[in-house]
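The following blocks contain the structures, represented as structure tokens.
Two complexes follow with subunit A in common, the first pairing it with subunit B and the second with subunit C.
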Partner chain A sequence: MVRLKDRYLLVNIIYSDVPAGQQSKGASAGAVPDLLVYNQPTTGELRPQLLLKSIRAEVAALFGDCGAGAIDRSLQVKYLSTATSTFILRISRSHYRLVWAALSFMHHVPVRNGRPCIFRVVRVSGTIRKVEEEAVRRAKLLILAAKREMAGKSSGALDALLRGKDDARNLTMVVDPDDDSEPENGSAMNDG
Partner chain B sequence: MTPPGATPAAQTSSHEEEKQPENEDITMGNTTTATTTTTTTTTKPNNSNKPKKGRELMTCTIRAPPFAYAQLAVVSDTSSSTTDDLDALQVRAYCTSALRQFLGDTGAGMAVDILSVTGSSCWVRVPRADLGAFAAALTAFGGVSSTNSGGGGAKAAMLVLQVRACGDWLGSLIGRAEQGALWTS
Partner chain C sequence: MDGRKKPTSSGAGASEARKRKEPPTVSGNNRNQAKDTHSTGRSLKRVKFQDARNIRTQPSDAALEDGRLDLQRFLNARQFEIKALESSIQKCKSVNATRVFQQVPRAMRRRTASHNVRRVPKRLRARARKEQIEDNTPTVEARKRRPRTTRARIRAETVKKLGILSAKKRTKQLEKKAAAQGSTPSSRVEGTIQATVQTRAPRPKIRRNTLNEPPSLKSKFKRRQINKTWLPTHLWHAKRAIMTEPTRPLWRFAIPCTPTEKCYRPTHRASGQKGAVVWDVSYMSTVGLYGSAQSLERVLKALGLTQEHLWSTRGQNWRAGLRKWTGLLSQQTKDTRRDIGPGTFIWNPEPPAGSVEETNPERPKKTQRQILIRTHPSCFLQLFNELVKVAKMQTPQVHVEDLRFEIGSIELTGPGSTETLLGVLQPYYNKPETEETHGRVFKSLAGVANPASLPTDALLSFSAKDPRLSYPPKRIAVTNGSNDLALLELLTKWPVGEGLKPFDIFSREGRYRASQLPRQKIINRRKGSNAPGEAIPVTAADPPIPVMLLASRPTTGGQAQGTWTLLAPWKCIPAIWYSLMHYPLSTGGNPRLGGLDEQRQVAFEHGAPWFPGDFPGTDAGSTWELEQRAKRKRDWDRRPKGKRVEWKSLDLGAGRRGEIGDGLACDFEYLFGLPRKDLAKASRANENSTTENPDAMDLDDIKDTEDGAPKEHASAPRSLTMVRQMSKTSFAALLTPSSVDKTPACSVITVNLSFIARGVANPCARIYRLPTAQASAVSPPSTETEVPSTEPPFKGPGSLPKHLRDQWLKLGTSNAGSLGGGKRAKPGPAPPRIPPRADLEVRKRLLAESILTTGPLPYPRPAANQTDVGGHPLCPNEEDLIGFVTTGAFSLSEGRGTAIGSISAEKALAALKMAGGGREGKFCIVRNAGENVGWLARWEAV
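Let's turn to the complex of A and B:
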């Protein structure tokens, strides 16, 4: 039996429409750190089926019947957490770029009167275990960074980015080249 | 086509250019002229003492031409209606709608150049990497219904696009089209 290889995408939902009242300069009492303003929880109306439907519609709009048929069998929402605004998608290895491109073109949460948001793919991996570990690690780092910002030690996201190579690499995206247990030989079917 | 006095190296280059690994010309088999050239290469002994008739100035092998070419024809599924002559705008409209249905926005953005339109057939040019998707999109196209001016209430015939030929080298495609016309006209 030939192995069917998949890719798992870890996606964050980032909110860019910050209401005017919440923008705060400095860490005054009761102010929410910027990191937490961008990574807010999502509305509870978002269900896996709604998310799937909107991704499928976007792939069909961008890539037509050919693209819609290519991802139809293997696209699945493996995990969705509205509290952390994170979800994990499973997609076949040869067509994960179609889904990634469709996510880039989606600009609001797929519910009724959804807020404008950005779907940011932060990890691509061949096994779901690595993706889960990455989700846990990012959640921990986010808490630490938010605490640091609350305590006033860092002056913002730019400082966190430039602080040091360890911290900067921790929160940027990493694509695992080969997360499968056996090496891939040859190239998979490319999308046209 | 190489001149008779060409050296084996130049003939090797034409032999390579006929043997495209991925995009072979799809319509009727290999031209006889090309096969004659290759058999001449293998049977001629490479005798360097004999004075050469010609002098090879330059050898060039084109492995990846930038464009691929296709000939399309509009046919109607009922034999009775006569197809009106095509024009470039109709070809553009058909191609765009076929590509948009099959490949979405990325298909509608594909660079299709219409080279010439004669009668009910036309020649188009696409980037070489997109030829497979383009041919598939036109094959999957459901067609448009033609409007019959006469005969009130007659049902509209479906006009579909037919890919007559497609390949990398325009010269050989046109040659085959003319060759086919010899036998059918």
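Let's turn to the complex of A and C:
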């Protein structure tokens, strides 16, 4: 029996600019907390097909026909939540680096007149379950950060985003005592 | 339907097209549905999986308040995501794609009939059933299957008829019973009279000097035991182990060969590191001897127990019945002694002096002594006949009784074996004063992790309680450090001599009483009335079971695990066995079941020879060897021609072709130049060709095996039985410079082989001594082969290199695993290395130089395997053949290949003498049958 080996990538779409409507309306543009600015929802026009197409195009541009062919069959969008700007990709284990590289080179939402953004791979895993657990953990972190924001304490939004070392650990202890797989560094686990 | 009308279209499009063309009718709809339900199994499942794997999402507006960023909306969106992901994890888990039979523990996993619900453990059965219904697995119940073949049909009809017959009989009996009850008491007079007469239950008869009958059986099982006898635990074993074939019993017993589960490595672990392995070895034969002490001594001496220490004060303990003695027995033939096989001797202690006088005050009877001999079934008949012969010659006479089906035995080994025995056997006594010394010693053995740590040849004999009374066995208390000192003291003092009485297991009465154990049904009833979890109290109905425990050390010595042997009455073995197999070891798990293969494996890992396989010099060993030959031949014949070794075309190098002797046998006939056939056939063969022609021999051998496997000892004694076993001590005696004895002809010694560097030997591998320097230089060609035209002229055909012995010795001294490169002569000096910083021009120049300076290649190229086999030294010639490997494999305990073999004593002696006592005298070369590469090994007599 041959087992197909896959990797699952958990990717966040991160924005740095305030949406156009909010800037024009509100005089106090600075009032929008950083937390919200970074984790804005993505436009509903972004469909999985569009996302796939743009990743394929980027891989083709970077790695040529060989790269495009390598990822063509196995690339799949398992989950795309535009409201939280999160998605999960599945890709064969031997080629996930191509996709990761392509994502790093994309800086617009792949729709017409897409806003500038970055695609941040936050977790690579062999099973979708672990990716989902990580997504849940991050969402919980963001909730805590948002609650703190509402209470008026302006904590560093970047901390929540980048999972500052000690802070994140404490938070996860509070939020999710079951989660014991806590990576030390803030970047994605690279277990390829 | 769709396909017929519109073959090109498919899927939804087709159904739509049809809908448009013909109006939906009721019948059409029905048909369509029926078709759908046909493929439900797969499609439903796929829908289910897709559904489970789908993760819900929100549109992006959900996170915005009128197109603006908002903290509350942000929070809600995250919360929704968390819920969606968690529910997805849950759903995926619930639609697990694994089937139940994939979760069965490794040892229980099987492929056969994995669709059968009843083949999975009970706790998983409900799930398995559900899964089967879900995906519509076709299941067949064997009982309800329609018979397909004529034979099966006839069989089914017979079964039906028999059922009707038995039902008729049953009703008739019931009617009879009813009539008897309804009738007047006068008609029952006969019955009442019979009831008043008290008769003793029949005891099995054991006649003197004749063979014992197998135990009488239930008629249900009688027909299956015409040619053989079942072990007392046969029904248990037959479900869990691969037994000997019904038509080919081993030593007239149905013996478990190996457990059905994979257990090679688990057995190695359980026997050496953790756990215990248990065997039912009730097939081992027991013989009783009784008579006066002097006569018995003479009989034993006739059997080869002539060692000085046995009959001097050193053997006092043995003769008193406190120790056992194990060794090889032999019998006197016309000119020399011939080995029979190993035997264990146990004396029954004499009754205390006081009690004898009390019982027989007026006539002080001559003291009768009793001896128990335990031996292997393959040499039982030979031993028994010899015993009867010798016993009849004695005055006063000694009597022999065959206790084969009277006493059964169980063997245990491994660190947990003592613990297991302690948990299962409980000494039986009514009052604390009557407690037996041996029982007390046994109880204080807790903490012994190796039976070999007991005094040499220790034995314990006491009465034990029926283990079923305290079933299931409970884990015994683990000893702590303070107990260790007491245990050490016990092991050094070993106070088993106090208050010694004759052992109960020697008395027929005691054995008989023990075999009247209450039935399981009664035990169950008593258990029902007992408090849960408590042992059932002993009553008068529970007889004590006389048991005897023998602790033996491995014959090779060292730190290896010893073995416990438990002797008990034949009928008590199942009761003990079930408890043994269910004992919860303190290290986890239960004792493991072992078969014959495991017994051989354990012996092999200890480096000890296994009887009869590794003793070709005995009658039993030669019979075993002949059987193995026939088996190998059968297997070889069954293989397709392209996939089996063609012995004649084996290239041994230096122009030698063909395997030496028979490749499927440990060919001792070839080694000693013995005739292959029975006398009549041999003489005919001599007429044809007196020289040893390998082809003719092969033909003979084929005929031999076609005649059928050797049946009994009567047909076995052929030339192979002229091979004689020589013990280690007598071989050592020959080695002393002062000895003037000649080595007896055709004698072999058993050796333990360990490889110096690499190599694994298989059974039948050939053992050579190191080539003798002069012999190899002038050796004539072994077989007539064409001189290859490419042969260098300076070398004679078939001659071995002059320095072959040195080549082999170098392997022994370098002690390196890799041999390949060193032996092969390099064509020239290595070219100079190109310096790392050299520019292209320099590189080119150097490269060209290196090509040009390479010396001329030999032309014509030397033929393969002339001076070496791929850089490996050649095997010696056949005059250096000294023996054969009887058991060989990769040894898990050594971490490399080891083997047990038999080598010619004469040739081994010559090799030792030539080496002048150096270590190279014990070097040998082992080459597997059918291979041309030999490996250097060292032999050690065992």
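Note that the second predicted complex is superposed on the first by the 141 of 192 C-alpha atoms of A that agree within 3 Å, B and C clash if a C-alpha of one lies under 4 Å from a C-alpha of the other, contacts with A are read in each partner's own complex, and residues count from 1 in each chain.
Throughout what follows, a residue touches a chain if its C-beta (ideal position, glycine included) is under 8 Å from a C-beta of that chain, and two chains touch if they have at least 3 such contacts.
Just so you know, these numbers come straight off a predicted model, no measurement behind them.
S.K.: Could you look at A:A151 and tell me whether it touches subunit B, subunit C, both or neither (first, second, both, neither)?
M.R.: Neither partner.
S.K.: What is the contact status of A:N39 with respect to subunit B (first) and subunit C (second): first, second, both, or neither?
M.R.: A:N39 contacts subunit C only, not subunit B.
S.K.: Should A:V136 be classified as contacting the first partner (subunit B), the second (subunit C), both, or neither?
M.R.: After superposing on A, A:V136 lies in contact with subunit C but is clear of subunit B.
S.K.: Check whether A:Y79 is in contact with subunit B, with subunit C, with both or with neither, and answer first, second, both or neither.
M.R.: second
S.K.: Should A:F63 be classified as contacting the first partner (subunit B), the second (subunit C), both, or neither?
M.R.: first
S.K.: Which of the two, subunit B or subunit C, is in touch with more residues of subunit A?
M.R.: Of subunit B and subunit C, C contacts more residues of subunit A.
S.K.: Spell out the part of subunit A that touches subunit C in their complex, as residue ranges.
M.R.: Residues of subunit A touching subunit C: 18-19, 21-22, 25-26, 32-33, 35-37, 39-44, 78-84, 86, 128-129, 132-133, 135-136, 139-140, 142-143, 146-147, 149-150.
S.K.: Flag every residue of subunit B that touches subunit A in the complex, lowest number first.
M.R.: Residues 99-107, 129-130, 132-133, 136-137, 140 of subunit B touch subunit A in their complex.
S.K.: So in the complex, which bits of subunit C are touching subunit A?
M.R.: Within the complex, subunit C touches subunit A at residues 53, 55, 57-64, 67-71, 74-75, 77-82, 84-86, 88-89, 92.
S.K.: Can you list the residues on subunit A that touch subunit B in the complex?
M.R.: Touch list, subunit A to subunit B: 60-67, 192.
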